[in-house]
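Labels A, B, C and D are assigned to the chains in the order they are written; within every chain, residues are numbered from 1.
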Amino acid sequence: MAAERGLSSRICEGDCAVLKRGDVFKAVPVLRQRKIVFEKQGFYLDNAIGHVYGTTFEVTSDGNLQPKRQVEETTTETKEAGTDNRNIVDDGKSQKLTHDDIKALKDKGIKGQEIVQQLIENSTTFRDKTEFAQDKYIKKKKKKYEAVITIVKPSTRILSTMYYAREPGKIIHLRYDTLAQMLTLGNVRAGNKMIVMETCAGLVLGAVMERMGGYGSIIQMYPGGGPIRAATSCFGFPKAFFNNLHEFPLSKVDSLLCGTLSMETLPSEPEDTALTEEETNGLVDEKQTSVQGTEEESSAETAMEINQTEEQETMDINAEDAEFKENKERENKENVREKQRKQWERMKKLTEAAALLREKNADGLLVASKFHPTPLLLSLLEFVAPSRPFVVYCQYKEPLLECYTKLRERGGVVNLKLSETWLRSYQVLPDRSHPKLTMSGGGGYLLSGITVVLDKGKSDSSNLEALKMEEPSSKRCKVQDLCC
Amino acid sequence: MAAERGLSSRICEGDCAVLKRGDVFKAVPVLRQRKIVFEKQGFYLDNAIGHVYGTTFEVTSDGNLQPKRQVEETTTETKEAGTDNRNIVDDGKSQKLTHDDIKALKDKGIKGQEIVQQLIENSTTFRDKTEFAQDKYIKKKKKKYEAVITIVKPSTRILSTMYYAREPGKIIHLRYDTLAQMLTLGNVRAGNKMIVMETCAGLVLGAVMERMGGYGSIIQMYPGGGPIRAATSCFGFPKAFFNNLHEFPLSKVDSLLCGTLSMETLPSEPEDTALTEEETNGLVDEKQTSVQGTEEESSAETAMEINQTEEQETMDINAEDAEFKENKERENKENVREKQRKQWERMKKLTEAAALLREKNADGLLVASKFHPTPLLLSLLEFVAPSRPFVVYCQYKEPLLECYTKLRERGGVVNLKLSETWLRSYQVLPDRSHPKLTMSGGGGYLLSGITVVLDKGKSDSSNLEALKMEEPSSKRCKVQDLCC
Amino acid sequence: MDDRCVTMGLGKTGTGSGSLSHALIRTVAPTGHLYTVEFHQQRAEKAKEEFREHGVEHLVTVTNQDVCKNGFGVSDIADAVFLDIPSPWEAIGHAKSALKAEGGRICSFSPCIEQVQRTCLAMEEYGFTEINTLEILLRVYNVRTISLQIPDLGKAAEDNSSAGFDSSNPSNQGSPGTNLQQGTVQFKSGVPLREMVGHTGYLTFATKSLF
Amino acid sequence: MDDRCVTMGLGKTGTGSGSLSHALIRTVAPTGHLYTVEFHQQRAEKAKEEFREHGVEHLVTVTNQDVCKNGFGVSDIADAVFLDIPSPWEAIGHAKSALKAEGGRICSFSPCIEQVQRTCLAMEEYGFTEINTLEILLRVYNVRTISLQIPDLGKAAEDNSSAGFDSSNPSNQGSPGTNLQQGTVQFKSGVPLREMVGHTGYLTFATKSLF
C-alpha cells in the first residue's frame, strides 16, 4: 500500500490524475485516445501511461505528450536590466516580431521556449525595462507560448487547491488552509471513528480518509438521495479504504436519536426481504447507495473531465445489454433477484451505520455543509463520545455566532472557539520579495470545541448560568482550557 | 500660525504636551512644581519649559529633566554573538551582578546606560546568546534602567496612538489607521462645512479641526448635556480654531428636521430674555456649553494627567471667591446679569448652529459613536448636500450591516462601502525582519458612501427595487462608480 | 497620520498618477505648498497640466529631475517628505535637507521588503528616529442577504420537544436570522470579496529630530 | 497540506517543544515513522523521554546532532521533511538526500524574511520546484452579546412617521438586532481579540522532483 500511495507510482490507464501547468490544476481520467483540453490546449494522454507521477511533459505539435527531462529556467544571464523605466516611451511599436512572424515560427515547429527567447531579442524596450518588468514580460510570454504540463498524483493538497481555484462553489468556498485547520482541530488520525457531514463534493471526506490511511471508521452523514463523492473518487484511494466507510441519511437522524428507527431486525436472507413501506420510504434508488454507485452519481455533480469517463462506461454497459436482448425474460428474473440482493445489502449497510452511530462513541465530528450548522451540531454531537473534538465550517460568520450561542445553552461542550485564518502568499525573489498582490478575501469560518459529559438532568437555570457566563468569554476560555 | 503649529515651537507653561518614552505616550499639562508620574518614574517638568518640542531629556536622580543632546544607541560593536543557543543551560546564575550591586550603582548616580553596559559585561551567557537574543536582552535592560523622555507636541498622529494604546474604551476602540481612513474617505479639508458626531472624547473632532486648519466650519452633534472635548483640548489649537466650531444637541435634531424647533427668534438683548420653559428644557447648565466650559467638563472624562490641572485651577478660583465674601450682595446681582448674558450667548450659539444645519448643505458627515449608527445616519444625512461623502465608524460589524440595508431602502446614497483595515507593524533589522509578533485584532469597521439627490416622491416600489438590486452588489457598485 | 496642521512645504517624489499629489494638495491647502519631483519628463508635463486644469497650480511646484541625484530643489522648507521611488534609500539624504532644520517627518512607500530594509538603514544612518514600518490592508465586505437551508433531520411531528433547532420561533432571542419561508434562515452578512488586494506596499515612517 | 497518505519516513529538525513532533507522529501512525534531529542534547533527551511516556517511541527516532553539518542520519527514506532551525538553507542539501529518490515535499518554518530568502535560494539551487512561501494567521473571535443605545433625537410622539429608526418593531425584517429594552438594540457579535498573534513565521514549501 505504501508503494501504491507513494509519489512515484506509475500512471495507469483508468487512474484519476491531475494535470498541472504553473499554478493551474485539473483532474482528468487517464484514458487512451481521448482528447483532453487543458488551458486552451488539446492533447492525448496515451504517451503518459507508464511514466511515473511527477513527470513533466511537453505538448508536441500533433497533440501528444513528450517527457521533458529538465524544466529549464529561462536563463537569467541574457538579462541586462535598466535601473528604471524613465526612458521607456510606450508607442506600441516595441516588438519587432509581427503576429505573422510568430505564427510562422510556430508552424515551423519551433518550441515555445525558443519563441519566448526570440520575442525578447526582438523587443526594443526589453533591455531598458527594470529587472522586475523583464520578469513580468518573460512570465507572460512563457505562459502564452510554452506548453509544459506535469502530471501529478492527486492528494488533499492538490485537490483542495484545485477545487478552490476552479470550482469554489462546489466546496462552499472552503479554502485549503481552512481544511487543514479542520483536520488538525478535529484530531483526525488513523484508528479514529469519525463522523463527517459535508456538502463539499466529498473533498472533506477524502481528506479525512487520506489522513486516516484506511485505519478506523468513518460515517458520512448525507442529505437527500445519497452521499456526493465526486472529489473523493478523484483521490484514487485503494478499494480497502472504502471497507470502513459508512453512510447514513440525515433524514433518519432524528428517528435514530428517538429510538423510532425500525430497522434493527435485518432480514436474514435477501430473497425473504419484504420491506415495509416505512423502511423503503426515503431510501434512495440503488445507484446512490453502494460506493460504486455513488461515484457514478456524484460524478454528475462535477464539471470536471472525470464525469465523461463514467458516462462512457455506462454507455458501454448499455451496449452489452443490447446483445442479450433475447435473454430478456431470464434476465428480468435475475434483475429482480439482483435488485433484492442490492436492497438487502443497502439495508445491511444502513443498519451497520445506524449501529455505529448508536454507540455514541465517535472520536470526532467534522461539519462543512451548505446547511445551517446549528441543527446539525445539536443533533450530531449526540453521537460523539465525551472529550472529543468537533469542528464546524461555515462560509459565513453569522450562523456560527448563533451556533455558538445554542451550544452554550445546550452545554456539554467546552473550549468553543470561533476563528478564521488569513492566508498570504509571498513572492520571494532576490530584491523583489513582497506579499503577492492579490489574496483570497476569505477562507470561511470555523467553530471548534471539545465535548464533555452532558448532564441531562442539568437544570435550566444552570444552562442560563452558562449563557450568562459567556460574556467574559476570554476569561472563561482559560478556565475551560484547564478543565480539559 | 505656521510657527505656532510647527514641530519646534517652545514648550510653554500651560501647554498640553505629550511625554514619549519608547512607544509609550502620555499627555500632561506643563506646569511648574508639579510632579508627573510616567512609566513608574516621578519627575518635574520645570526644566523643560523654554526648550523646543522634540527635545529628549534624561531624568536626573533628583527628579529633574536634563536635555540629552544625542540619543546614543547601545554600541553594537561590543556584541559578539553566538550562532545559536545550544550551549546555553539555564541555571539562573548567569548574571554575576546582584540586586544589591545594581542598587549601589544607582545610588552612586551611575546612569542607566552604564548600568546596562555593566549588566552585559557581567552576564556569563550574553556572548553565547544569538544576536537576536542579545538584542532582546539589551532592550529589556535598557527599558528598566534608562530613563529617557522626549517631549513632543500633540497631533492627531500622537494623540490617536496614545488613546488607542492607553484608553481605547474612551475612543470606542477607533484605531489610528481607521481614523486616517475616515479623514480621507470623508474628504476633510480646509474650507469644508463638516458635521461631526462622535463619542471619542473629542479625538475625531480634533483630527477634523487639525486637518481643516481653522478654515471652514464644523458642527459637532452631541448627546446628553454637552459635547465632550477632553481629547480636543489636548491638541492645543489656537483660540481662532474654535470660532467656527459649533455644537448642536442630538435631542433637538428631530424637532429641527420637523421645523418645530422654536428658537429662530433670538431675543435682541440678554437682559430682556425670558426663556420659555420649552426652550430651556433639555439645555445644559453653563459649564457645559461654552468651549472653555466643556474643556473643564470633559476633562473629568479622561484619566489623564490633564484633569488634575483643571481641578487645581477650579480650586484657586474658589479660593479667590472666598476673599470677596463681603461683596456678596453686589456680586449676586452681577452674577444674575452674567448668567443671563451667558444664557443669551448659549442661545445665540444654538441658533447659529441650527441655522447652519438648516441650510442642509454640509460638505461631509463623520459619525463615530457608541450609539446605534442607523438612526444617526438616517437623520443627520438630511443636513448634507448631495454629492458629498459620509463615513460611519462602528466598533462592530453587525450594526453597519443593518445601517447599510436601511440606507439602501432610504435611497439618496451611492457607493456604499463596508470596510475594515488590517494593520501590521514590521520589525526591520538586518537579517531579522518580520511582522511584529503581536498585532491589533481589530480597528473597527467603516461604512462610507456618497450622497445623491434624494427623490422624495420616489415610490416605495423603486425603493424596493433598490433593495433587490443590492444582491449582486459588486456589479452594482461599479455602475455607481460611473454615476458619481 | 501626518503631524502638519499647516505646512509650509511638503516634498514628494514620484509624482506618478497624481492621485496622491491631489490628496496631499487638498491636505495642505490653502496655506501650504507641495513640492513634487518627477524624473519622467512626459509625466512631469502631464502632471503640471492636470494641476493647472484643476486650478491648484498655485499650491504645487513640479520639478523634472532625478531626486536621487539632484534632490528636491528646496531645502529647510518641508514639514514632511513622501517618497515613492524605486530606490528611496538614495534620496534619504536629500529628504533630510528638504525638511525643516527644526525637524519633520518622512514616509517612504515601497512594494518590496528589500527596499524597506535599505531605506531603514539609510534612515538610521542619516539620524532619523522613530523608524517604523507598517502595512495597511483594506478589506471590503459586500453586504448580502444569505439564505441557509435548515437540514431535514426527519423530525417527527410529535417530536418537537427534542433538543434541536426551534425553527418555528421567529423571535428567537439572540438569533440573527429570520425564518422567511419554511426550511430556510435568512440573515445579512458582510461577505469578503473573493479576491482582495493583498499588498500594495510597505509604509516606512521616521522622524527627523532636532539634533 | 502534506502529500503523504502513508509515509515511510518523515524528517524533522528542531524537535523543539515536541508539540509539532506529536502532531506529525499522530499523522504518520500507525505505519509511518518520524525521524527527528535535535542539536541541543538536553532537549533531545527530554523529547525521547516524552515519546516513551506517551507510548509512541516505536514511531519516532530522535537523533542528537547538528542537522546542518551532519544531516538527518537517514537517506532516501522520507516523503516529507520539515525544518524549524535558524539556518534552514544549510540543511536543504541534507533534506534532499533524506527525501526519497522518487521525490517528496519539504517545508521550512522561519520567523524572518531573510531566512526565507536564503532558504528559497538554496531550494532553487538544489533543484526543488514549486517553491511557495505562505503565511497563515489565525484570527480568533469572542462571541459577545452587544447592546447599543438608540440615540435620543428628541423624536416627538406624533412624529413617528418621519424617516427614522423604527425601534418599536421587533420583528424588523433583516435586522440583526432585537430590542430588549426601550432604547437599546442587542445583537451577537464576533469580536476580534484586542491583541492577536501577528506573526509566528513564514512557511516555505517545495517539491523535490523526479529528475
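Heads up, the rule we're going with is that contacts are C-beta pairs under 8 Å (C-beta built on N, C-alpha and C of every residue); 3 or more make two chains touch, one makes a residue touch a chain.
The UniProt protein names, listed by chain, are A, B = tRNA (adenine(58)-N(1))-methyltransferase non-catalytic subunit TRM6; C, D = tRNA (adenine(58)-N(1))-methyltransferase.
These figures come from a predicted structure and were not determined experimentally.
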item	value
Chains touching both chain A and chain B	C, D
Chain at maximum distance from chain D, centres defined as averaged CA atoms	B
Chain C-chain D separation of Cα centroids, rounded to whole Å	29
Interchain centroid distance [CA atoms averaged], chain A/chain D, Å	20
Whole-Å gap between the CA centroids of chain B and chain D	37
Chain C: positions in contact with at least two other chains	113, 139, 145, 174, 176, 187-189, 193, 202
Touching two or more other chains - residue numbers and ranges from chain A	397-398, 401-402, 405, 422, 424-425, 430, 433, 435
Complex interface listing, chain A residues touching chain D	1-2, 5-8, 52, 54-56, 69-71, 153, 155-158, 176-177, 180-181, 184, 187, 189-191, 210-211, 213, 215, 397-398, 400-402, 404-405, 416-426, 428, 430, 433, 435, 470-471, 473-474
Contact footprint of chain C on chain A as seen in their complex	83-86, 89, 130, 168, 173, 223, 249-255, 257-258, 260, 282, 369-372, 374-376, 378-379, 396-399, 401-402, 405-406, 410, 424-425, 430-442
Touching residues on chain C, where the partner in the complex is chain B	1-6, 8, 23, 26-27, 29-31, 79, 100, 102-104, 113, 116-117, 120-121, 129, 131-145, 176, 188-190, 193, 202, 204, 207, 209-211
Chain C residues touching chain A - in the complex, by the definition given at the top	39-40, 42, 86, 111-115, 139, 146, 148-156, 159, 162-165, 167, 174-177, 185, 187-189, 191-202
